[in-house]
Amino acid sequence: MFMRVDQLQTELPPPRRADPNAAAALQELLGGKYGEMSTLGNYMFQSFNFRSKSKLKPFYNLVAAITAEELGHVELVSHGIAMLANGPDKPGADEKNGGDVSNAPFEQMKDIRSAASFFSHGGGAVPVNSNSMSWNVDMVTTTGNVVFDLLHNFHLECGARLHKLRVYESLTQDNATGREVCGYLLVRGSVHAHAYALALKKLTGVSIEQMLPTPNIPLDKIPECQKYLVEGSHRRLYTFSNGDYQAMRGIWEGEQALPTDPPGELIVVDGMPEGGKIHDLTGEPCAFTPDYAPEEMFEIAERLTKAAMQGAGSL
Amino acid sequence: MFMRVDQLQTELPPPRRADPNAAAALQELLGGKYGEMSTLGNYMFQSFNFRSKSKLKPFYNLVAAITAEELGHVELVSHGIAMLANGPDKPGADEKNGGDVSNAPFEQMKDIRSAASFFSHGGGAVPVNSNSMSWNVDMVTTTGNVVFDLLHNFHLECGARLHKLRVYESLTQDNATGREVCGYLLVRGSVHAHAYALALKKLTGVSIEQMLPTPNIPLDKIPECQKYLVEGSHRRLYTFSNGDYQAMRGIWEGEQALPTDPPGELIVVDGMPEGGKIHDLTGEPCAFTPDYAPEEMFEIAERLTKAAMQGAGSL
Amino acid sequence: MFMRVDQLQTELPPPRRADPNAAAALQELLGGKYGEMSTLGNYMFQSFNFRSKSKLKPFYNLVAAITAEELGHVELVSHGIAMLANGPDKPGADEKNGGDVSNAPFEQMKDIRSAASFFSHGGGAVPVNSNSMSWNVDMVTTTGNVVFDLLHNFHLECGARLHKLRVYESLTQDNATGREVCGYLLVRGSVHAHAYALALKKLTGVSIEQMLPTPNIPLDKIPECQKYLVEGSHRRLYTFSNGDYQAMRGIWEGEQALPTDPPGELIVVDGMPEGGKIHDLTGEPCAFTPDYAPEEMFEIAERLTKAAMQGAGSL
Amino acid sequence: MFMRVDQLQTELPPPRRADPNAAAALQELLGGKYGEMSTLGNYMFQSFNFRSKSKLKPFYNLVAAITAEELGHVELVSHGIAMLANGPDKPGADEKNGGDVSNAPFEQMKDIRSAASFFSHGGGAVPVNSNSMSWNVDMVTTTGNVVFDLLHNFHLECGARLHKLRVYESLTQDNATGREVCGYLLVRGSVHAHAYALALKKLTGVSIEQMLPTPNIPLDKIPECQKYLVEGSHRRLYTFSNGDYQAMRGIWEGEQALPTDPPGELIVVDGMPEGGKIHDLTGEPCAFTPDYAPEEMFEIAERLTKAAMQGAGSL
Amino acid sequence: MFMRVDQLQTELPPPRRADPNAAAALQELLGGKYGEMSTLGNYMFQSFNFRSKSKLKPFYNLVAAITAEELGHVELVSHGIAMLANGPDKPGADEKNGGDVSNAPFEQMKDIRSAASFFSHGGGAVPVNSNSMSWNVDMVTTTGNVVFDLLHNFHLECGARLHKLRVYESLTQDNATGREVCGYLLVRGSVHAHAYALALKKLTGVSIEQMLPTPNIPLDKIPECQKYLVEGSHRRLYTFSNGDYQAMRGIWEGEQALPTDPPGELIVVDGMPEGGKIHDLTGEPCAFTPDYAPEEMFEIAERLTKAAMQGAGSL
Amino acid sequence: MFMRVDQLQTELPPPRRADPNAAAALQELLGGKYGEMSTLGNYMFQSFNFRSKSKLKPFYNLVAAITAEELGHVELVSHGIAMLANGPDKPGADEKNGGDVSNAPFEQMKDIRSAASFFSHGGGAVPVNSNSMSWNVDMVTTTGNVVFDLLHNFHLECGARLHKLRVYESLTQDNATGREVCGYLLVRGSVHAHAYALALKKLTGVSIEQMLPTPNIPLDKIPECQKYLVEGSHRRLYTFSNGDYQAMRGIWEGEQALPTDPPGELIVVDGMPEGGKIHDLTGEPCAFTPDYAPEEMFEIAERLTKAAMQGAGSL
């Protein structure tokens, strides 16, 4: 089972301007072969299909817990995409109707790379890559052979790192939203690569973690990674659980940070990171989000919220 | 963010025999257009892309919370698939090597409907339908228009109900595993259909819940649904959260069960259902799951688990 | 624009028994690369995209008129599929509710080749091939170059002929429904191959019609083709219109039947063939088609039909 | 069976200039999930697979007749696409050869969003969306359950309306061709949404038509819709047939226009709308449409047309 | 550039009987994610896209040379598929016409798993997996980062080994053709896994070859591998070239066979293996291969062959 | 079997500047329906699946030999793509590390048509078309019917010619690389169209080669074709073999060049064309190709190359 927390794993700075092509670039990190839907899909189905769970607890726990983190990565990139496609929140902008729709208010959408992302999703995220190709089962490997699946996962995280780096390199410095997404994911993805490497080392004796970082650029070259390194995020694995998945400590704890990262012992944290707030994503009535004339909808929602709070209070 | 609990939403009875075609039938409920990957994918991306969240809290909360439940549905069906593909757990069967692989130990896999499910996934679940076609973005609707997305979701849940019923009708009575999956999901899917109907009613004034059940067969015709009806599952929505998503009460609470179901008031439960245990899915060395000769792997895992427990104790 | 006539292009004998795998075989002729969705899709988009229509009237007319016939072929194969998947009509079988659904009434559907055709479509036809792969744009060629598009169409019809022959060869003699579909389409497909050949000959001077029949088996080897040959169907092109597309006569008329077919002059017929009646496809409440307990639905429909007839009378 | 009429359902104003990205935007309305290929594909296969036709005539007739109209919508959007991709007709431009092809006459095609639409289709329409993704079977729902299929269709038409609105908003006022396509389809799509709503109301008693319009913007906000509203198009359903499908009157007649549209009684019209002329789409020899040096081709066509006219006269 | 030799890399024993489902099983090794089209596609495009070739010669040469071997693997599996789908060659069976096609000569094809493989390809191989899903670009990784691409390739070969083993386990002992394909490919695939491991070791210092074999079953458990081990195939890399790609020796030579294989030094062989003869694949006129009545075709071919031989002699 | 030669079939002039959209245009000729992956895929599988090879030698040989040439075409276009995506080789540019990656060094990649070609492939070629849609099995026809497959191939080559012409027309004169690719392929593709036409003529008696050239623009209109015409490339078929495939002479030799091309006798050449050198494709450390800090990698490679040369010497 999965529980949900109404927060992002880290807070994203608001976008300064709408940049649909930057949003489309981030889509590579959501629905591309080496994107977050792929890390999620691989680990999720591997954890469901895991054989002899009771006898391979540390390995099962590792894959199961990282699955939960990947859900949050999918969430984080998706928010980044929606925010960049739509631009800065304009409080109150959703309080009138959409006005005159006959003056081509979305003329620019005709020329963006992923026009369907506006026509169909109103700028929202969907599981496709930067060229609008759908994520699909061909991006899922779950053979049930533990060494092979772990090796696959190690390769997947290295590939994901490369893709994040390149997307990052396409985003200008004033795109704080997109770069924060990349910076955070680079740190966390490096943790996962490291974790799968250590799991393989325990099973095979091969010091495959010495291949890291791949590509061979240390995280200290990425300004957006620094605050996470300083707080030690690169040394922490979360269980993303209340008490389950403890056996993964056997793989991660007792080991050290990678030589190219700030030194220190690796630790498993029970639970999840502190998290940051979720963007409101103010609607745009002209785009029919949440609708052309949403005022009445807001009133209804307010009434229901009040009723809910009273109901909740009375329970 | 999402947290994970090492349990299924309900406990599945073990399979009496391997039945790969029944597993493939269940795949329709996992990766088909009206399967759980679709309900998950639709609600998850809708919740990420939701506009004017602060002003539409009850509706945002509803979609967000059901997303978390759908993750557990994806998990439940996946376990059902893996269990049926692989047959009864045989404790200890994973403790020797795979023996002589040259006598075609998997001859029967050549003729099953979804041969790749064995060749590639060792009988595990993947996001495809009963004909092995991949789940993909064409099954995701997330327009940002709230009334339309809710209408879509209402239609999706009705369609999901129809597909579950037909898959159920293809499973014989000795297939307790597969039928339990269907029975549980029929009850919970009916709750979701009802919830989206009520959300639409609040917004539009149309009593669309009167269209339920669609198809017009009441749950009392399905033996496997009865215990869930008795315990009132059809009247409960879970927040699948520790404290978030309370505003959804405004939509669900104060309303009554559908006339064709056992009567009573609808209630929102903070948190999740009690849950059931996860199958061990004993490995089959001959299929290289977890590997051909996994003994050493088990010893390593045992050692790491002990270390983890000691480490956990010392923290 | 297109008008619709509530008839099939030829009448299909009812099936003696349900044969879902035979239905799946016919799907190759519906949604396969060389199936009717492809002939329809190619000619339809070619006719829309046709350049310099006014100066190339006979060629534009030919492609446009055959498009309309292909619509009827898509319809014919679809009916054949639905009939074979569902078996003989049982009048009155739809008049009670679906009874006890808990005895696996569709156990056999678990093992058919295209299980999703039952789970998802209740045995109905959809645009996929015999292996459930979707028809898609890769099967459409519409370059705007007239000679090339005609050459493509000629090749497409020859390929379609080959596929029809092989599907025919997989259907036993007691499968009158499926064999009639093949027999009729073989005759009409041969007409189209001939027509595209003559169009090419007029434009290029190459007697490409001398390549026919490809594959080189004459129609007289197929018993189900005989009645159509006797009535001269192989010599007729229809305009499928009331008065339009007359210029196609310039390509077809004045020419002779192929040497391997019954001799005679080729003629263009204004309008459409006589047609045959459409199968009722009695519902199966147990499969929720039209629903689990459809009686009330029938009463409503009867009432509305009466109202319609009165309304129609009063206009 | 289907008959064809060499006219569009409404006449499209000629484009003022080529705008391949606008053509690509219109592709969303052709091959997108909520485009005309989808409405066509859904209703066409539903009508083929319809169960118990004789007992559910009004509903079968409704779906069958709207299918024929959707064919004309596919045609209309396709013409809009080809016209916008190719720009204004230049009479006589097709009368010389294509000249010097070595000066990159189509340099601009390298940078348009859908380059393949030129390379492969010479600017013609094909069944893909605005991002070039193919239409496919995942966009077809045909379960055989009548209430559910109608509910799906209702949702589909609402979704189609939303997509049309957004595409419309991306087209500037000088793009009369594209906006006319949207305006006409918005009116007709609203009719279909209304019709499916009334069908559902008759079957279930739920006044689902009160959800219309969704999105909640009335048609009077769209200038291009006005002439169609004035002539009452929003109150008319066509049978697109000569005498068949009369029972659909039972669903539509006797009801009133939606409150947000000009008032009046709903009526069923036997046959089709008046229609408008089809664009010639003058060839561009330089793009090899109809060919590099088409003069001889035109002479041949002229000769054949004459022969046809004489032949027709003599019959 | 590539040259072709009219031989297989090893000779395949003829099939004893047609077994279309076994052919379909082998398709997993042709068009599956871990099949030969994937190894070919990955290495081919990596070799085309290889950066700084002159400075990374040994690595470029390795990928380039293995590409050529993979072409032969694609060929070998394809022949295995066609042979198993079609059964034993029956010399002379192609010398009459196809006889009476109206007695359902291919009735059994209706029920095989991959019916389209007969309808569309006459039993021939195509790039799809064992469930008929197409090979596609999602199975190609070519990032240009050398360490990562080599890591991907190492993982790919291990995955390919696992899939070959499982397909092998589904083929009975009387299926000498299919088992020979698996046995040969297992030996050669192990060589490739070893080669990529050594390349990674040279670049990173990590002894990743110690992870082999993965899955951890030694080749000596597979009878069909023994003759290749005896002749030392597991120690040989071929340049598949006349003089190019010599620098790959720097990676492979000087190293030893894996501990689980017969010991000995690794060697690079200039050129290709000895090879075996290609199956004639006698046509079946009844299936229209090479055609319904091919006698005349054979006469023409004989005449042309004679002319060719004379022409060749005279040059 | 296939051998590899470390050369291109013709030498490509280096690009003057990077032009990712031009590279994407060339992708149409690589992975489009009428691109080189399609000619390769069709002929390769046809040659594997060829029936009654011994009795149809000239035809089998023709398809088999052209397959080998198509491999080189896939290679040639791929090199053109990678060169245009990456721009001129800058010797030494790969000798330092990638510097500061935080200044958006690849900002422009965010806006190119095929952003994933940079993010995922570092500008390398992959089997997709100009809109990033994957090549797949729907583009392969291999029926086993010889006349039909040859007819298909004839049509395929004509279609390929049309696509090459249009891509050529989108490339400006300063794009010598891309235009050379088109020019060379136009000449060689014309040879293949001619060859399939003659094969069909021998089999059927139809002078289908008189349809050539299609589109009807002679090669002398394309400056980049001239040097190849002068050297007689249009009259030469290569066996791409050392001694095999001689029987194809019976189809090609004894015939004459097309009337629109320079006159002369057609000849079969044993072996391959002279070939040109392969581009080094200097790495870009900033894009992690071959890596961020590749110096050490180059040293290792140099050492291994030396060892290889000594080893080779000592063998």
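Couple of notes before you dig in:
Just so it is clear, A, B, C, D, E and F label the chains in written order, and each chain counts residues from 1 on its own.
Convention: a contact is a pair of C-beta atoms (placed from the backbone, for glycine too) under 8 Å apart; a residue touches a chain by one contact, two chains touch by 3 or more.
Heads up on the chains, UniProt names are A, B, C, D, E, F = Manganese catalase.
Source: prediction; values computed, not measured.
Common neighbours of chain C (Manganese catalase) and chain E (Manganese catalase) under the contact definition above: B, F.
Looking at chain C (Manganese catalase) and chain D (Manganese catalase), the chains that touch each of them are B, F.
Comparing the contact residues of chain A (Manganese catalase) and chain F (Manganese catalase) by number shows a mostly separate set, under half of all numbers used being common to the two copies. Over half of the residue-numbered contact pairs at C-E are shared with one candidate from C-D, A-D or B-D, namely A-D. Ranked by separation of Cα centres from chain E (Manganese catalase), the top chain is D. Chain D (Manganese catalase) and chain E (Manganese catalase) have Cα centroids separated by 48 Å. Between the CA-based centres of chain A (Manganese catalase) and chain B (Manganese catalase) the separation comes to 22 Å, rounded to the whole angstrom. Our note on geometry: chain D (Manganese catalase) versus chain F (Manganese catalase), Cα centroid distance of 40 Å, whole angstroms. For chain F (Manganese catalase), the set of residues that touch two or more other chains comprises 33, 113, 120, 122, 132-134, 136, 138, 143, 145, 147, 162, 215-216, 287-288, 291.
Each chain pair that touches appears in this list: A-B, A-D, A-E, A-F, B-C, B-D, B-E, C-D, C-E, C-F, D-F, E-F. Residues of chain B (Manganese catalase) that touch chain E (Manganese catalase) in their complex: 97-98, 100-111, 113-116, 118-120, 122, 132-134, 286-288, 291-293. Within the complex formed with chain B (Manganese catalase), the residues of chain A (Manganese catalase) that make contact are 1-9, 31, 41, 44-46, 48-59, 64-65, 67-68, 71-72, 74-75, 78-79, 82, 94, 120-128, 134-138, 140, 142-147, 202-203, 240-242, 244-251, 253-254, 271-273, 275, 278, 280-284, 287-291, 294, 297-298, 300-309, 311-312.
Interface residues of chain E (Manganese catalase), counted against chain A (Manganese catalase) in their complex, comprise 33, 133, 136, 138-139, 141, 143, 145, 147-148, 151-152, 154-155, 158-159, 162, 200, 204-208, 210-211, 214-216. Residues 21-22, 24-25, 28, 32-34, 113, 129-133, 162-163, 165-173, 215-217, 221-223 of chain E (Manganese catalase) are the ones touching chain B (Manganese catalase) in the complex.
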